[in-house]
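Next, two complexes with chain A in common: one pairs it with chain B, the other with chain C.
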Partner chain A sequence: MANELGNYKTCVSARSTDKEILKCSQDGGIVTQLFAFALEEGIIDGAIVAGPGEEPWRPQPMVAMSKDELLAARGTKYNISPNVSFIKEATRSFGLDKVGIVGTPCQMQAIRKGMLYPFGWRDVPDKIALALGIFCMENFPYQSIVQLVEDHAGQKLENVSKMNIGKGKFWVYTDRGAVVDLPLKVTHKYEQPGCHVCLDYVANLADISTGSVGSPDGWSTVFVRNAKGETVWTKAVAAGCFETKPIEQVKPGLELVTKLANEKITKNQKTIAGRASFGAGKALRNPYI
Partner chain B sequence: MSKVVEISPTTRHEGHSKLVLKVNEEGIVERGDWCSITPVRGVEKLAVGKTMEQVPKIASRVCGICPIAHTLAGTEAMEASIGCDIPDDAKLLRIILQCANRVHSIALHNILILPDFYLPGTETKINPFSPEEPVRSVAKRIQRIREIGQTIGEIAGGEAIHPSNTRVGGMYLNVSPRAKSKMYDLAKEGLVLARDQMELMLAIIKNMQKRDFIDVAGKKIAVPKELGYHNQGYMAVDPVYGSTSLDECPRWDLSRFMETRPWDWYMGEMTVDLEDKSYPVGGTTKAGTVVNPQMEACTGVPMYDGQPVEVGPRARLVTFKNFDEKGTWGQHAARQLEYTDSFYAMIRALDELDPSGSVLADEIPQGDGSLGWAANEAPRGTDVHLARVKDGRVQYYSMLVPTTWNFPTCSRALTGAPWQLAELVVRGYDPCVSCATHMIVIDDDKRIVAQKLIQ
Partner chain C sequence: MGLLGLLSKLFHKSGSSAKSDTGAVKMVESKRKEEKSVADKITVGHVHMSGCTGCLVSLADNYGGLLTILDRYADLVYGLTLADVRHIPKMDVALVEGSCCINDKCSVDEIKETREKAAVVVAVGGCACYGNITRFCRGGQQNQPQHESFLPIGDLIKVDVYIPGCAPTPQMIRNVCVMAYLLLKGNAEQKALATSYLKPLMDLAAKGTEACFCNLMTEVINQGLCMGCGSCAAACPVRAITHEYGKPQGQRDLCIKCGACYAQCPRSFYSFDVVNNYEAILGAINGALQ
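Our next item is the complex of A and B:
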């Protein structure tokens, strides 16, 4: 399959040089560090991130306008954070002129679509200054996370310090040091059905997209996709925000990213094809044509 | 022997309306009827049974120029009915929103009326779309003022056109400190532009006041010194914002209000017998056409103390600031004077606004069916909404919109003007006809009686 990784200008393995950011980040702290740099440099006025919500591990979109607020939103929460729903408000009562936003591939698609056809998005498209995408195989509803952690992993959700998907397993780490891993075949049935028609693994439409796959532990793979992304990335690297390694020199490298992207796309194309004959007159439209 | 001339549709204002004028042999209007021919919206009927949250949003859709006034008046009518006081910071945000809407509206009106005016010292009428100086930089300034008004409206109200941030009980969200400073910056920039624009417009209006003739379609039409004068009263409830039935001293009185039916007010069936093919644009209505303002007018005739009254910038300035210019020129001048007033009011509200303050009332009662009203000083005048809310649902809703008040008043002000200048008089009111088109007419016993038009 060609172009499963989307168009990109450069691809590197990187991690933040800020110890504070790395302390609680998911992998290389790329998103937090990039936004912190962009805020400091005035590239953005604020960023829409998945902040802490009212329930444990339930993200709530928030507009972070300082590094402290960004730090509060570090780390991946494996369920839905409707960040795009905040983009208009960010330009309204938050008064932002240059908005940064992070999101999954589907959220990047929504952003680009909104920029092209800004229905109900008056004065929003020109204010989107930096869109960061994260790799995504699929996402879970909050109830699924509750079930997986509390029932399958047998841990209290509020005691969990980190969750991770890697090496074919769903990992749960707790404050008191317990580590539980669940095989992914357990988690599959808890996925959002909507994710099964998505043909984008690496956020093809973001300015910069990032995720752990392809890089060693504690590092992230970074795709710089367009001129805007390249400007910000080059400045950030020049300012010493990131340590970088060429992607060809790290293991497992782009090979694994390509493999997983292909797996996702092939699997989901089958779902799309299946839905096309889903009962008389009930076929779902292929979102990609 | 008087003749009848009809100008339909009138141009360079919002909505569809027409003028039916009875003129004498010199072409001077003896009696004029200015009536709305925009179809009735029926918002009042749509509102019945809806939740009190929905109705102000629906009401705002009546128009795209004054939706902020309708949202605010609608929301506050609900709050007046249920007896809900809102926090100070919510009120301040609403004042900012109100002022933002007003500056935008005045600037828009500038564009609409400039083609009626002459560049001082010349015999050239102003084309605001001309690429030539000095008009081009004036047009740019007007657009920047509109942009500033709309951007501030977006921040305080969530949306520049149909504000989403207002809600029964206050506002959904307060603004961030950054948003507050953005509004400050915009208001400060706007104030300077507005002052320049006001001074220019006042000079242009003064120049018109001195003129003896105005050119209409190549004919020199003598301008009477008393163009647009009338003997009706004025009605205004506040220099900037408004008043509701919850106020300690409400400044509008429901018992002084009465509405009459258009067929008891406007002229009856007549035949057009004066036609001018050269009148811009496309000539007046053909001679021989039968007109019937009584049955064609799509608005009721609201009265205050038994008479139609004028509402709008001049009414506000006369009531609160001893303004004494009358007629069409006075009206235009008053509107320009509100430019800087609006920015000052906005800046004062911003000074007081606390971005961390609560903007939602702690308790929002669901209503017991009492009648509440809110009068909002919209750009075009007092916009009164009346509502009864019971258990969170609207039982009764009525909108008395500024241009509805102005229709019969302006009709009176047409008397004595050359018919070719009648549109000039109409534009002095900055009419918003689609807002004004409502047909819930109640009689002395407050019963709805406008069945005749529906039949």
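Our next item is the complex of A and C:
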């Protein structure tokens, strides 16, 4: 398949050198570290991240304007955080001229569509200063996470310290040290339907995108995609923010990323094709034409 | 000569006087360039139907960019208060702001005449596309209290391109102007780019004259396409959209029917050919306006 990993200039395996960031970040702390660095350097005035919400593990988009706020938003929440909903607000109520934003591949698509077609995003396109993408196979409604963690894994959501999808399983870790894993066979039906037409796994349109897949535990795979991403990444590495290894020297490496990207895209292309004849002589809408 | 023409002249006078020490060769060169670009300009008119002039202000909020457009790419041949022309002339592109009051013969004649005279009709803003705030009119306003029936222009004439939103953003109007220029005057490659950029906006125009928060329900969420990005909420001018558990909820009483949310949604239309090239396209637009 052509270009399933999108365009990129460099790809490395990396992790933050900041112990505090690494403590609660999902993988190599790439997102939190990059935003912290960009804030310090004045590359961004603030970043839209998935902050804590009203219920445990329910994210609420927030504009982080300090390292403490970035730290509070570390870690993956496997349910929807509509980060893009803050993109105009960040430039208005928060007064940011240089906005950072983290998001899933679909949210990066939303950002780029919005830069080309800013129907309601007045003065926003030029203020998007750093768009960080996170790999994403699928996402879940909040209530699915409640059901998976409380019913299937038998844990109280407020006791959960981390969730992760990896090695073919959905992992739930608790404060008291319990580890429960669910086969993805169980989780599939709880996925958000909108994910099943998604054709991007590794955030092809971000300035820099990152995920766990491809790198060893605690490390992240990082694609530096465009000139802007390269400038920020090079500066951050030069400032000692990251340890890096050539992606060719880590296991399982890009081969696995490519395989998963292909699997996702192929499966979802089938879904899209199926939608064309879903009813009797009636199609479901195809957003891509 | 209208206000903008004057502004544009002034702007370029000061621009050239700053370079008064440049050699004669350069001057000739730039003169030739100027002549060439003038010859290649498209003609554009701003047709004001029943709207609040917010769309026009948005166009003007491109500041220097607008002057560059008027200088290099487009002659403004019609526009209330802007160009001293009484009757709708022939033009390449008509930017129509506002809906049409069908109780007002003058407006009805004018929108029909616009269709006859313009090669491309662009509905600029929610009112022209979807009625927007004018949908809520019940008449009674002075000095024409009997004027109460306002239709999106697409209910009276064929419209080629839609720019939804209230107000449509300066950047969006600018992008469409540049693309319209490339479509009409560009080389084959530029025409192809402009066509793929404008196609979704033509599809919106072909799709109909009703818009509402409900489009997100019926055409995105009900269709199994929403992934909770939040683009819609960020686009809404009246903050009618919030996200509950990741999905858009609309306060439908607040919705003014501008169509921005649906157009902004990446799951309403999304062209990989266009969006994957966002850097090159934005680079070209910014370059054109330098």
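Annotations
The working rule: the second predicted complex is superposed on the first by the 282 of 289 C-alpha atoms of A that agree within 3 Å, B and C clash if a C-alpha of one lies under 4 Å from a C-alpha of the other, contacts with A are read in each partner's own complex, and residues count from 1 in each chain.
Convention: contacts are C-beta pairs under 8 Å (C-beta built on N, C-alpha and C of every residue); 3 or more make two chains touch, one makes a residue touch a chain.
Keep in mind the model is a prediction, meaning the values are calculated, not measured.
In the superposed model, A:I80 lies in contact with chain C only, and not with chain B.
Using the contact criterion defined above for the overlaid structures, shared-chain residue A:D123 touches chain B and also reaches chain C.
Contacts of A:A14 after superposition: neither chain B nor chain C is touched. Annotation for chain A, partner touching more residues between chain B and chain C: C.
Once chain A of one complex is fitted onto chain A of the other, the partner contacts of A:A261 are absent, as it touches neither chain B nor chain C. After overlaying the two complexes on the shared chain, residue contacts for A:A47 are found with neither chain B nor chain C. Contacts of A:Q192 after superposition on the shared chain: chain C is touched, whereas chain B is not.
After overlaying the two complexes on the shared chain, residue contacts for A:E89 are found with chain B and with chain C alike.
Annotation: chain A residues 89, 122-123 touch chain B in one complex and chain C in the other.
Put simply, chain A touches chain B in their complex at residues 45-46, 63, 65, 89, 91-97, 122-123.
Per the touch definition, chain C reaches chain A in the complex via residues 58, 163-165, 167-172, 175, 197, 200, 219, 223-237, 241, 243, 245-248, 258-261, 263-264, 266-272, 274-276, 278-279, 281-282.
Residue ranges of chain B in contact with chain A, taken from their complex: 151, 154-156, 158-161, 165, 173-176, 178-183. Against chain C, in their complex, chain A makes its touches with residues 58, 61, 79-89, 103-104, 106-107, 109-110, 112-126, 139, 141-143, 192-199, 204-205, 226, 284-285, 287-288.
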